[in-house]
């Protein structure tokens, strides 16, 4: 089959692009978790901020990815062409599911458990560490899963701003009207998304507490 | 039921989807207030027919396509309005379709009737000949082969040459004494290039250019959306791009095009390419477009491009004003 | 005379609505060591709020709560609560931890060594009638309601606090289990000799378990006395409760 032949002939390039793609997604998701989970926790402590913060993350979500990349390019520190800008955009897109799920996961904890924990003399830190985070881990992971799967898809657009990844094949294929090239990029991207969904889903299920 | 289904040889594929579309409708047995089952089927099929018809070449409709950059859109709009004002035909625009190959596929498949192509592009990228010959022979070869292979007719060119502008920042050009593309080879090992996807993958694009001038960049050029390359160059994120010589952004962003002293690039004369069937059916279209011959030189094209890209004027308005003045 | 374990002086609490709605009005009482004070009252009478004012889960708007001679406001809340056992109706066991981990939570927070915690957990589970070998490794969802509340009591006793606060601990259980646990609990109280404040709306439970009964109505303490005094009281609300229980 054409596609298999293509992969065999271009193994190094394919591996390189898959690696670039993975890097984009992994780095951006990691940063989004590092920012998003604390923000989500903060929102449970300051309910008044929930509206504005979630609202803002929501607005970011609605910006079409190509437009987002375009906005970021001229910015002095975050911008430019290439992987850095792409990662910034991907972080922005990953924030909403992670922040929202962290907030929902923690607020959704059984109030009786929370009351018992406070009543027995847990400090805020202990409450977070021993009760809130473990009990909301499943929901937070679900948010991370969504963010990762979306990230794999959005990262294909990053090729438009020179960030590399599997989108390179797709854009190339579209420019020269070559379906094999388009598939060469699209199929592994889809597989990556499915794989991430499956792996994180398995992890998520281990954190369901009855 | 004949509305919109199976409209002659220009739409051989209209039948199959329509037949497919009928099947699920036939399977529907939902009883609801409103049109009866039969009536609903008719409406459904008519809808599908309308959709199909609008995407097929209609006997009295001309579909004008364009490539995915401003100049192509502008010329398509000019051609479209010229046809409208000289003949009574309806013109449908499909601007910013895609790159060269997308438009070529579209016109050979009959999905568009006309678009503006460049002789050099057709010669090297579509027909895949090596670069070299003079303008006349390129134009003749292209006209001959397009007619033979695809029944596509090349009309007279607009009068300008939009070649690739290998562009650098003006400050860099002055500082490093860059005048020709040959000079670029000197600084290339320290520099980073960025090109659109088409230029990177065309025979007359980067691969051939690098070979002809011995260009070795620090790292492989970054591939990105063509439109973004200008800004990336101006902002200092990359050092050299392949833009268009008639682009308005070159002057506005203080960019300089390097001279092609080894004449690597063939001439790129812009001219309308039309399907033979359309010209036969409507010779007035050919006559109308002939009036545009030689009416736009390099500077004029730059001016029009600048109006669109820099001053952000509406394409329709630019075309309208220009036609009123230049082709009264 | 030994000082009381808990003393409430003119404690009031109100909801922050506009206008503010008083929930607890000027309540005062003491609880001596070994004494079980039952706070009885209808729904909305303020008894649960009063209980939560003691371990500062709710802040009083007026008055003072003194535990072991110190005002509760002078100590950080978590420090205060570590020394008070707290048992609630829904139990609130941490679902992701085993029974043993749940019972040993406060000792762990207090930094006890593992061996000491294990020994204490075994001791407590036996005390509340749950065989350690059988129950220590189980998770809360594998237990019945009655078993869960036994674990809740064991947890509350873990660091041997001198004061226990219980908010309708047996309210969610079926009548048979409830009676069983009440009886066992009564025996436990006698053995442990701890001061307790026990909130309930069940008169019979109150009369069974309390050394003194405080009846609350509309946020006020309308009766405070022994069960015998309760039965003989002419206070209308007392009579209403006794009639309902008959």
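Chains: A, B and C, in written order; residue numbering restarts at 1 for each.
Here, a residue touches a chain if its C-beta (ideal position, glycine included) is under 8 Å from a C-beta of that chain, and two chains touch if they have at least 3 such contacts.
No experiment lies behind these values; they were computed from the predicted model shown.
Undergrad: Could you name all chains that are in contact with chain A and with chain B at the same time?
TA: Shared contacts of chain A and chain B: no chain.
Undergrad: Report back the single chain whose CA centre is most distant from the CA centre of chain C.
TA: B
Undergrad: Taking the mean of all protein CA atoms as the centre, name the chain whose own CA mean is closest to it.
TA: A
Undergrad: Centroid from C-alpha atoms only, then distance chain A to chain B, rounded to Å. What do you get?
TA: Taking the mean C-alpha position of each chain, the two centres sit 37 Å apart.
Undergrad: In angstrom, rounded to a whole number, how far apart do the mean CA points of chain B and chain C lie?
TA: The answer is 81 Å.
Undergrad: How many Å are there between the centre of chain A and the centre of chain C, using C-alpha atoms for each centre?
TA: Measuring from centre to centre gives 46 Å for this pair.
Undergrad: So in the complex, the part of chain B that touches chain A is made up of which residues?
TA: 98-99, 101-102, 104-105, 194, 196-198, 200-202, 222-225, 228, 231-232, 235, 237-238
Undergrad: Would you pull the chain A residues touching chain B in the complex into a rising list?
TA: 66, 70, 73-74, 79-82, 159-162, 168, 171-172, 174-177
Undergrad: If we count contacts the way the header does, which residues on chain C are in touch with chain A in the complex?
TA: Of all residues in chain C, those touching chain A are 55, 57, 77-84, 86, 88, 90-96, 105-106, 109, 141, 152, 155-156, 165.
Undergrad: Hey, which residues of chain A end up touching chain C in the complex?
TA: 110, 112-123, 126, 130-131, 134-135, 209-210
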